[in-house]
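The letters A, B, C and D name the chains in turn, as written, and every chain counts its residues from 1.
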Amino acid sequence: MSGDSFGKIFVLTTFGESHGPGLGGIVQGCPSGIPLTESFLQKELDLRRPGQGVASTKRKESDRVKLLSGVFEGKTTGTAIGFFIANEDARSKDYSKIKDIFRPGHADFSYEQKYGLRDYRGGGRSSGRETVSRVVGGAIAKAFLETLGIKVYAYTLELGGIRAKDICLEGIEQRPFFASSQEVVPIWEKRVQQVRTQGDTLGGIVELVAKNVPAGLGEPVFDKLDARLAYAMMSVGAVKAVEIGAGFAASSKLGSENNDFLTSKGFCSNHAGGILGGISSGQDIIVRVGVKPIPSVAKPQKTINKEGQEVRLEIGGRHDICAIPRIVPVLKAMFFLTLADFVLLQKRNK
Amino acid sequence: MSGDSFGKIFVLTTFGESHGPGLGGIVQGCPSGIPLTESFLQKELDLRRPGQGVASTKRKESDRVKLLSGVFEGKTTGTAIGFFIANEDARSKDYSKIKDIFRPGHADFSYEQKYGLRDYRGGGRSSGRETVSRVVGGAIAKAFLETLGIKVYAYTLELGGIRAKDICLEGIEQRPFFASSQEVVPIWEKRVQQVRTQGDTLGGIVELVAKNVPAGLGEPVFDKLDARLAYAMMSVGAVKAVEIGAGFAASSKLGSENNDFLTSKGFCSNHAGGILGGISSGQDIIVRVGVKPIPSVAKPQKTINKEGQEVRLEIGGRHDICAIPRIVPVLKAMFFLTLADFVLLQKRNK
Amino acid sequence: MSGDSFGKIFVLTTFGESHGPGLGGIVQGCPSGIPLTESFLQKELDLRRPGQGVASTKRKESDRVKLLSGVFEGKTTGTAIGFFIANEDARSKDYSKIKDIFRPGHADFSYEQKYGLRDYRGGGRSSGRETVSRVVGGAIAKAFLETLGIKVYAYTLELGGIRAKDICLEGIEQRPFFASSQEVVPIWEKRVQQVRTQGDTLGGIVELVAKNVPAGLGEPVFDKLDARLAYAMMSVGAVKAVEIGAGFAASSKLGSENNDFLTSKGFCSNHAGGILGGISSGQDIIVRVGVKPIPSVAKPQKTINKEGQEVRLEIGGRHDICAIPRIVPVLKAMFFLTLADFVLLQKRNK
Amino acid sequence: MSGDSFGKIFVLTTFGESHGPGLGGIVQGCPSGIPLTESFLQKELDLRRPGQGVASTKRKESDRVKLLSGVFEGKTTGTAIGFFIANEDARSKDYSKIKDIFRPGHADFSYEQKYGLRDYRGGGRSSGRETVSRVVGGAIAKAFLETLGIKVYAYTLELGGIRAKDICLEGIEQRPFFASSQEVVPIWEKRVQQVRTQGDTLGGIVELVAKNVPAGLGEPVFDKLDARLAYAMMSVGAVKAVEIGAGFAASSKLGSENNDFLTSKGFCSNHAGGILGGISSGQDIIVRVGVKPIPSVAKPQKTINKEGQEVRLEIGGRHDICAIPRIVPVLKAMFFLTLADFVLLQKRNK
């Protein structure tokens, strides 16, 4: 399968560019009889919408998802679920001046090398806008996983190098930046304003926790649950690092410190992030994701054009200061998609 | 496909447990006409052999790989390449006393939950010994990639929290721990001896660099080159974290710092780790991998048995102090396998 | 992958039901730089349109295909190609009276068993209308294969048990029934009228020939070219039999009769249908497909409802007398899709 | 995935040539806890053994299958099952004289075109000997399906154009040719002797019936149960035609004749072969397979060598007169593999 599909049984396949008619996808493998409506999907999609926080672009996209198949009388039929999100606010002319220029940190150069041609309008297929389809696919997975009581929380742990002190799983979606706690919000807001003034951008770290995941998910060897989660997360543009549980910190611990001991009441700690030998243990699944700063800085940059000549680039248009918070629901969607697939794969052993 | 297969066109499928007749695998998709011999594979496999460094077990395994198909008169025929490594030194009785006990940090608990039964001898399929098949599969990929001039270097950057100061790509395979430079070796050796005396174990960080990778490898959206590399690396037991290029460090940089500017002479830096928008840019591909300490500590541990009763566990047998250095050729093999797959996938655009 | 996807590198994934908003699909893996327009796709799709021949329903569907992504300035970009065909003439009320009845020969019974519920309007996902997406996907494959000079001819060889005497590859698309020759057309037309009067339906046999297919396509063992062609053809509703080359007739021949001898000028015959050991030989690829009569007969039929009670069924609505000719472009599309996939797979050996 | 793998969840991957060290495979996805022994597999494999009937070669191969992994204390562990069958009687020198000659009806020509080189000893990967791995894989599927009460019968219906009059499902494996009934056996034996004297070979037709298959197996659109069965059967060398239920005969029937009516007691007939809309209906699944005569005739044949020069070929060695009866257990194995995969896929809807 080519790279627009994710999953083995519960499979999302997507299409679309930021400046064509729209974007969408197909979910295969969703069990029949799961309650599903457009408004449920829309609610998830709205969390990703730009123009909500101080770090986001003001570009207006209503991003209305339309269900095209696979749902009948409010329930999934078990057959392919098609969906579509029309592009409403795509101003192609914004991009004409960068048509022949390779923007630093973007896929312009590598796409040109790969395909010999490229849709230069807003990055074409490499645009972050492709993630709308992930969010819808993930929401379908969520609808299925909710019938099993599985929940996923996703929140920003660090922004621009400033780490939040607390994690409060309640109220995340109401907080700016989907911050892990309220105390850090004004500090991050100040930092964002400062960087915006400088014409620069920021990165951050997102943490995700899945609860009520049954033990036994994941497959030996290559399709370990952590391997598929790393794959899922790293497939999102701007992500450059992924950790499970203690992650890199485990590298400098002793074995006796890092092991999670078991008592008759359960595990005593969760350095493993809920995954042992690649298989879920029934504990919380914990993933952390490093997000790079957005490459579209307002400051002038040095780069080259298609002829290899050096040029000075000043990017206009409307751009976010940080992939956070919009990336948060996208990463959550990838978590749901990964879990849904493994829940179904595990049915063979039941 | 189930989880014993890796790749889409260049596909490795493996089998085997540490205490059965042996382990092996099948490589599909290798182009025809590539020179390949058992001795070439054996050389790679020997790098993973235990009993070589101070961090390794003294258990003796000659690990002889035998080619079973797909090679004729010294060249690949283009058809499935089967191979086998017999288990020679498998003392099953060593494990009988932990038959009903869930060892902390191991897959015992999660496998029991997943399958309802498990091969308790040495971890069965979850044993680190499964990686012999990865090394052989990776060596086949290497044979193919060498015809294109692609090279991969893998070295230990940090052990037990002590980071090496230098990176010298020459002579890695001759250095203990596959250390990134010689200066750190005596320090690590001392640390290993110390921890061994304590009955404890260590983790570390491995870095990998691929050179001469053509621009254009990777697929948009889900099968980005970095996503597949994260998947590949995280699928190796003991790995808990993966970074590309600047990795987590990028999260606290400004966009203007993190972007790699382009001049007519090429890129000015490589924070991206050679991957832009998920597609290789022609620069070095850089991956860092966090390895947890080995869970089999000699110290007594608290855990439970299958009946849920608390027990005190003292692991006997021969165990490594650290997954490093033996994990290094395994990670390198995963890099080769990932690249070989993408090189073939990219042929559709040529 | 679930069953809405076809192919390994050149992959078509589809969605849609006859009575929802519409149908569509995503093509992955099409090489970049292939000329492609909506009007090219529309031309292929128009061949499948109902209401053209005496055997077809009078139901009016304009079936306009809309390209949603993957094409830029008239050429494929190498990324996912999304497309959509809106349902314009879907009268749901026509089907309400058969809501709880299992129509003989249809998927009603088996879908109910599989999913526990079903979209009863026009068969839902099991409707023959899903084939519009195949035709569009196949047309994209055709656009690619035409750049290599590969052609596929598809024609009706037999209708209602009456076999055509000749095969004339020129002018097929202009002839009623896509008949293999003109002489049989009036005979078939008479037979169709006769059966229509009886309230009954007909089946037939379709033959397909691919020309200029390079030698070397197909993979050993399971993915033989003939195996994938059989899979492709049999996946089309109403198909109950598939033959390659001499097909069943080869079963009663002697080996010396059936072998195709080779001279310095090439093969002396083509009983093998252009495939040896599952790999194309460079000869014409020949496939024959048996199509059952359409199950929606106007005559009253005995069946049961969801409660298991026996009922007398009289199907109203607009129905075709025969899946031929509309199935012909669908089968041709499946041939294109199969070949496109193998052409790309074979690039690894080049 | 390349073409040495079959299945989506229950996956068989094979390797091996007739003149290397041996052949084998890996089964992924078999549920845990299924009783499985080498002797069970051996029993199935023995049915395929040469030298049993008058139509078979006298070549002696003991074909001992060895289980390499995935079974512990007599039960499947749920992890990859590896197996191996050593080649014991491979006389390479027999083949040296046809090294540069393309044997008519064999894969010699097409493999040379595909790969640019080939293992000429006994056909290499294209040898019918690869089917030993299918039989073992199918036997593992059988072990799983037996726990659900599913049975598959496979028998020869026609040999050399002579059709059996009766079908008696009892005692098939005891009858020569796996004949569908005893009455035809002496007639076939006479025909085989006659053709052997002429230095020629025969084809035939095999029928397969699966009983107790639950309704609901198969997936909409491309992965219909009949599509996957056609794929499975046609992937076996020498197969040139596949029919489901009435097959080609349905093409000349009226819809009212071909439909299987339903009463409160069940279906009144089974022209559909137990599959409606690609999904099993709970009736017997019926498949018929056309097998071409073996191309290795003793009679001299005209062909060319690698230089394109015309040569006269006289094949020595030990060859079967007909792929029947040895192909019968192979086809049965493919049926088991197909069903096992769909049984597991259907679990997502339960």
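Simple rule for what comes next: contacts are C-beta pairs under 8 Å (C-beta built on N, C-alpha and C of every residue); 3 or more make two chains touch, one makes a residue touch a chain.
Computed from a predicted model, the values in this text were never measured in an experiment.
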item: Identity of the chain that, by mean CA position, is farthest from subunit D; value: A
item: Intercentroid distance (Cα basis), subunit B paired with subunit A, Å; value: 26
item: Interchain centroid distance [CA atoms averaged], subunit B/subunit C, Å; value: 46
item: Junction residues of subunit A, two or more chains touched; value: 1-5, 8-9, 14, 29, 32, 78-80, 114-116, 125, 220-221, 345, 349
item: Chain-level touch network, classified as line, ring, star, complete or other; value: complete
item: Contact set on subunit C toward subunit B in their complex; value: 8-10, 29, 31-32, 78-80, 220-221, 344-345, 347-350
item: Contact footprint of subunit A on subunit B as seen in their complex; value: 1-6, 8, 14, 102, 104-111, 113-116, 123, 125-126, 130, 158, 160-161, 195, 198-205, 215-224, 226-235, 237, 239-248, 250-264, 268, 272-273, 275-282, 290-297, 299, 301-304, 308-310, 345-346, 349
item: Subunit B residues touching subunit D - in the complex, by the definition given at the top; value: 1-5, 8-9, 11, 13-17, 20-26, 28-29, 32-33, 66-70, 72, 75, 77-82, 84, 114-119, 124-125
